[in-house]
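Sharing a structure below in structure tokens format, with a few things to ask.
Letters are used for the chains, namely A, B and C, taken in the order the chains are written, and counting of residues starts over at 1 for each.
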Amino acid sequence: MTTHKRLVSQLSLIAVAALVAACGTATTPAPQATSAPAATTAPAQPSGNEPELTMWTWKVFHVPGLEAVAKNFEAKEGVKVKITAYNPDEVYRTKITTSAQSGDLPDILSYWSGGQWELAATDQLVELTGVVDPAWKANFLSGTYEKSSTLTQSTYDTCQKDPKCTYKNLKVGQSFSVPYLAGQAFFVYANKEILQKAGLDPNKAPTTAEEWMDMMKTVKAKTGTPGLVTGEQNADVLHYWMFNPMMMTSCGQEKYDAIYNGNGSFADPCVLNVFKWINDIQTNDLWMPNILQTNIDPADVAFSQGKAAFDLGGTYTLGFLVAQGMKTENLLSFALPPLKGSAYSKLEVSAFALIDAMVTKTSKHQKEALDFIKFLTTPEQMAVFAKTVGDFPAVKVPLDPDKIGPVLVGLMSAFSGKSPFDTSKAQILEEPGKVLKLGLQQFITKETTPDDLVKKIDAANKAAWDAKGGPLK
Amino acid sequence: MAQASTQAAYRPMSGRKRKSFRQHLQDNAGILFVLPAVITFLVFGLYTVIYSVILSFFRWNGFGKFSILPFACAPPACQFAGLDNFAYFLYQEPTMSGFFWQALQHNLIMAVFVTAGTVLVALPIAIALNRAAKGQTIYRVLIMLPMVTAGIAVFYVWSFIYEPDGLLNSVLESVGLGFAAAKQGWLGQPDRALTSLMIVMIWSSVPMAVILYLAGLQTIEKDLYEAAVIDGASAWQQLWNITWPLLLPVTVVIVITSINGVLQGYEMVYLMTYGGPAGHTEVVGLQIFKYGFGDQRQLGMASAMSWALFVLVFIVALVNLRIFRSRTEV
Amino acid sequence: MDKLRSRIALGSAYIVLTLYALLSLYPFLWMISSALKSNQEVLASKSLIPSQLHFEIIVNTWDQLNFFKYFTNSVIITVFVVIGIVLVYSMAGFGFARTKFVGSNLLFISFLGLLFVPGVTVLVPLVQLLKALGLIGRDATLPQTYFGLIMPIINGAGPFSIFLFRNYFASLPSELHDAARVDGASNWGVFFRIFLPLATPIIATVGILNVIGTWNAYIWPSIVLNNPDWYTLPLKLKDLDLQIVIQWNVRMAASLIMITPVIVVFLFLQRYYIRGLTAGAIRG
């Protein structure tokens, strides 16, 4: 009985304390609470309070870069921009979905480039068609704005054909966002020290995939260090970072498109050879142990600790490796080398838009928000962003180490104006995509073989295109 | 509630004497205890449940308008799908349904082994804890720690233990069991990943089971054991004839929550393996999460899968309750 | 002989407990040691003992967190959640276990069924509902927003809590109830004066479970709370990941700071597990 009384009295003490605390905090943040509605009514009284904008992102480490730009914007225009991050990706998507339902989207959203159509189709975004004038457009790297921020004919055609497509109401040429982050996968980094130890020339990058495989074998034989690491726990990595670029160089763009679009077979030697090569990494025991449970960041960490000789990544990888304490002098980087006898002897790499910024319809300050994304995508401000976070802007920034940091300069100059992926019209459907991703992982668990996988993908691809009314012409 | 009143309406037909309204009120006064819970649910739960059931018959990306009061489904973001969502993952789409059934199979394996493991580990610990007079507090606190330290920290520690050059392999090698070490890591090998994951699940669900068992042990009267000792019952007989049957209601709670946790939970799998290697630890809960809020954005599909899973879990739970109840009543 | 036997039994009990306690303790020790290491050492070393003690990590993290502000927010939410859950569902559990009313079984099974309602897919309708009630969004005040945050958590904890309370009350000897009835006590009297006082172990259990769950909740609060001043600790914690490279030592230090209050609550509640029911109380 006494126990109970004591528990009750102690609980009620806590309750009282909490109530007191509640009242306390209810009064202390009152200035903020009242300032919010004041801000929303600001446009009615133009001489009143300055509006405060909010921008969301899911990349937490971009926040300092965006904040630096926001600070410059405030100094220039007198408008504050608050940057808020929600991560990981799934939480960010959840937050956007629920906020769209409650009408609480922020003034400015960051979203995956090319993913904004769904938001636009449901009338959440301010249309930018025509607003992005030639002068603004000229800021962007080629292959970014015009490819994924403007609705292209081929995206439109595919959508019209697909019964599940959710943005059929959009028209070709419409635009709702501008890119601010770009990049590209397909980069291989090598640890020069390990190459040297294995008796290899640390400054000579392989020109073919076969050569590269031989280098990995030599390293393994001489030093015992595994050859290759990459973030394979994420099933997209092997598919998009390794298989697709190798298939592109091996088959050429026309064949690449035809095969994915249902007009060819994955059994074609140009694809089968790629599968065989990837499978050989496993048969030669060149993957870092535990590779299937290694995600992107841990893979780069392992590489920076010398646990593998090569790391497959992208433009974004370099900044990460340097932040881990690797010296740029100790790094050799090269674009993913093609197989011998490929259609292209070298993979041309161009920038792809990765993140777009957009203004929401629920924003009470659409003009200011638009001003901010315009300000953000100027070369000067993007240089500030790039230098602060070490990530790759979608805007032509001056190639000056003082302005964007030494790491990015080297990478940006590795880009060529165009890549076969710029003009590719291949559509990777959900079902065959899944079969492919699983199959590539099953090479490592030895649950499938290249010949076996080819049959499965062909069947899945045919079925998927048949369900859409036949292959894409 | 609706059923309650229909049942009441049938009463007079059973031939019993009609009771006065007042008498009815008095007989059913117990419902007042339940009323706050019912009201909370009616206000904050009912709409969401109905909504998610109806959503499972639609295709929706979460951005456009979909609501049920008033009903709204604006194409093309939202489309009526009939039973398509169910058909897709149950049989129609080979890869998707392949994944679903494989995931469900993992779920069932986990439901059996994690549940049994939790009970088998937690019960002896709770009994030992109940018995240990000295140092009980400190042991209790230590054993409960995994509940508090759960989340990302635990994920990282266990991943580190399971790594190819991690603690587990090192320990095995140092005691001469190097042949049993997992060269690809305990979570990296298809044949061990699921087992390794289940061990972490048991580890993290044991503390709560211990708490529940401890609370249950408090309700058993000491006299029963004293009487048993006088009758010459061995410790084993005491356990089997007194402790176990009297703890059955607690065991039911543990079994049901464990099954439910295993079938619906996805956080641990999400954090530790993301369903890998090559789908060998994929579970339905994780697929629902990926469909709902991954890059697929198919909330209708996620709902359909959830409700298919719901039906399954509910049946399993009812069967369990039946089994345990009939045993306790015998 | 018997003495020897019971000594062996007791000894083996202690061995089991010690081994398991170590297994439980290890990740916690690892957290502490990681919070004191450099980030490189966290990733590279297996030892629990840091080669060099970096106390500044915890200090800096503490400063960055603005701990008390967000601690207060978290405490308010957690306290209201737990009190709400214990009050509403101990009553319901008693109602189901110890009173009779028409449809009680069906209602209980329905609640039990709710236990299995999938959580992920109800997020969107829940937000629509809160919007309709004016409990979410930029026009909602702090009390409204917190109310909108708290009530679904309470509702979500319902099925399991009812289940626990009902089972516990059902397992208490029925003489308790009968004796009180004979004395002429009403159901309310029986509940508040006899059953609730005996329920401290289960109250403590339900309490600690929901303290932990609410304290660590991330997804739901991040959906409901838009004003950073109203954030809870886990939301604030995420703001520490500002660098491209994950700072494991900072993360661990922050986690450590965050779970310490829960451990304190646990230390405070745990003694109620043993004090609940004794043979004496039953004979009353």
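Just so we're on the same page, a contact is a pair of C-beta atoms (placed from the backbone, for glycine too) under 8 Å apart; a residue touches a chain by one contact, two chains touch by 3 or more.
In this text the structure is predicted, and so the values were computed from the model without any measurement.
Chemist: Name the graph shape formed by the protein chains and their touching pairs; answer line, ring, star, complete or other.
Modeler: Topology of the interface graph: complete, with all chain pairs in contact.
Chemist: If you tally contacting C-beta pairs, which pair wins, B-C or A-C?
Modeler: Result of the comparison of B-C and A-C: B-C.
Chemist: How many angstrom between the C-alpha centroids of chain C and chain A?
Modeler: Result: the chain centres lie 37 Å from each other.
Chemist: Roughly how many whole angstrom separate the Cα centroids of chain B and chain C?
Modeler: Chain B and chain C have C-alpha centres separated by 16 Å.
Chemist: Could you tell me which residues belong to chain B and also touch two or more other chains?
Modeler: 62, 289, 293, 299
Chemist: Of all residues in chain C, which are in touch with two or more distinct other chains?
Modeler: Only 124, 128, 204, 276 qualify.
Chemist: For chain A, which residues are shared contacts with two or more other chains?
Modeler: As it turns out, chain A has residues touching two or more other chains at 91, 94, 97.
Chemist: Under the touch definition given earlier, write down the residues of chain B that touch chain C in their complex.
Modeler: Chain B reaches chain C through residues 1, 3-5, 7-8, 11, 27-34, 36-38, 40-41, 43-45, 47-49, 51-52, 55, 62, 67-68, 121, 124-125, 127-129, 131-132, 136-137, 139-154, 156-158, 160, 166-167, 170, 203, 207-208, 211-212, 214-216, 218-219, 221-223, 235, 246, 249-250, 252-253, 256-257, 260, 263-264, 285, 288-289, 292-293, 299, 302-303, 306-307, 309-310, 313-314, 317.
Chemist: Can you check the complex and tell me which residues of chain A touch chain B?
Modeler: Where chain A meets chain B, its residues are 89-91, 93-94, 97, 100, 112, 115, 118-119, 121-122, 124, 164-169, 233-235, 289-293, 295, 430-431, 434-435, 438, 441-442, 444-445, 447, 460, 463.
Chemist: Per the contact definition, I'd like the list of chain B residues that touch chain A in the complex.
Modeler: Chain B reaches chain A through residues 59, 61-65, 74, 76-77, 93-96, 99, 159, 163-165, 183-185, 187-188, 190, 193, 273-274, 276-280, 289, 293-297, 299.
Chemist: Which positions of chain C touch chain A when the two form their complex?
Modeler: 40, 43-44, 72-73, 75-76, 79-80, 83, 123-124, 127-128, 130-131, 136-139, 141-143, 196-198, 200, 203-204, 218-219, 222-223, 226-230, 238-239, 241-246, 268, 272, 275-276, 281
Chemist: Would you pull the chain C residues touching chain B in the complex into a rising list?
Modeler: 9-10, 13-14, 16-18, 20-21, 23-28, 30-31, 46, 87-89, 91-92, 94-96, 98-104, 106-107, 111-122, 124-126, 128-129, 151-152, 154-155, 158, 160, 162-164, 167-168, 170-173, 187, 191, 201-202, 204-205, 208-209, 212, 216, 248, 251-252, 255, 259, 262-263, 266-267, 270-271, 273-274, 276-277, 279, 282
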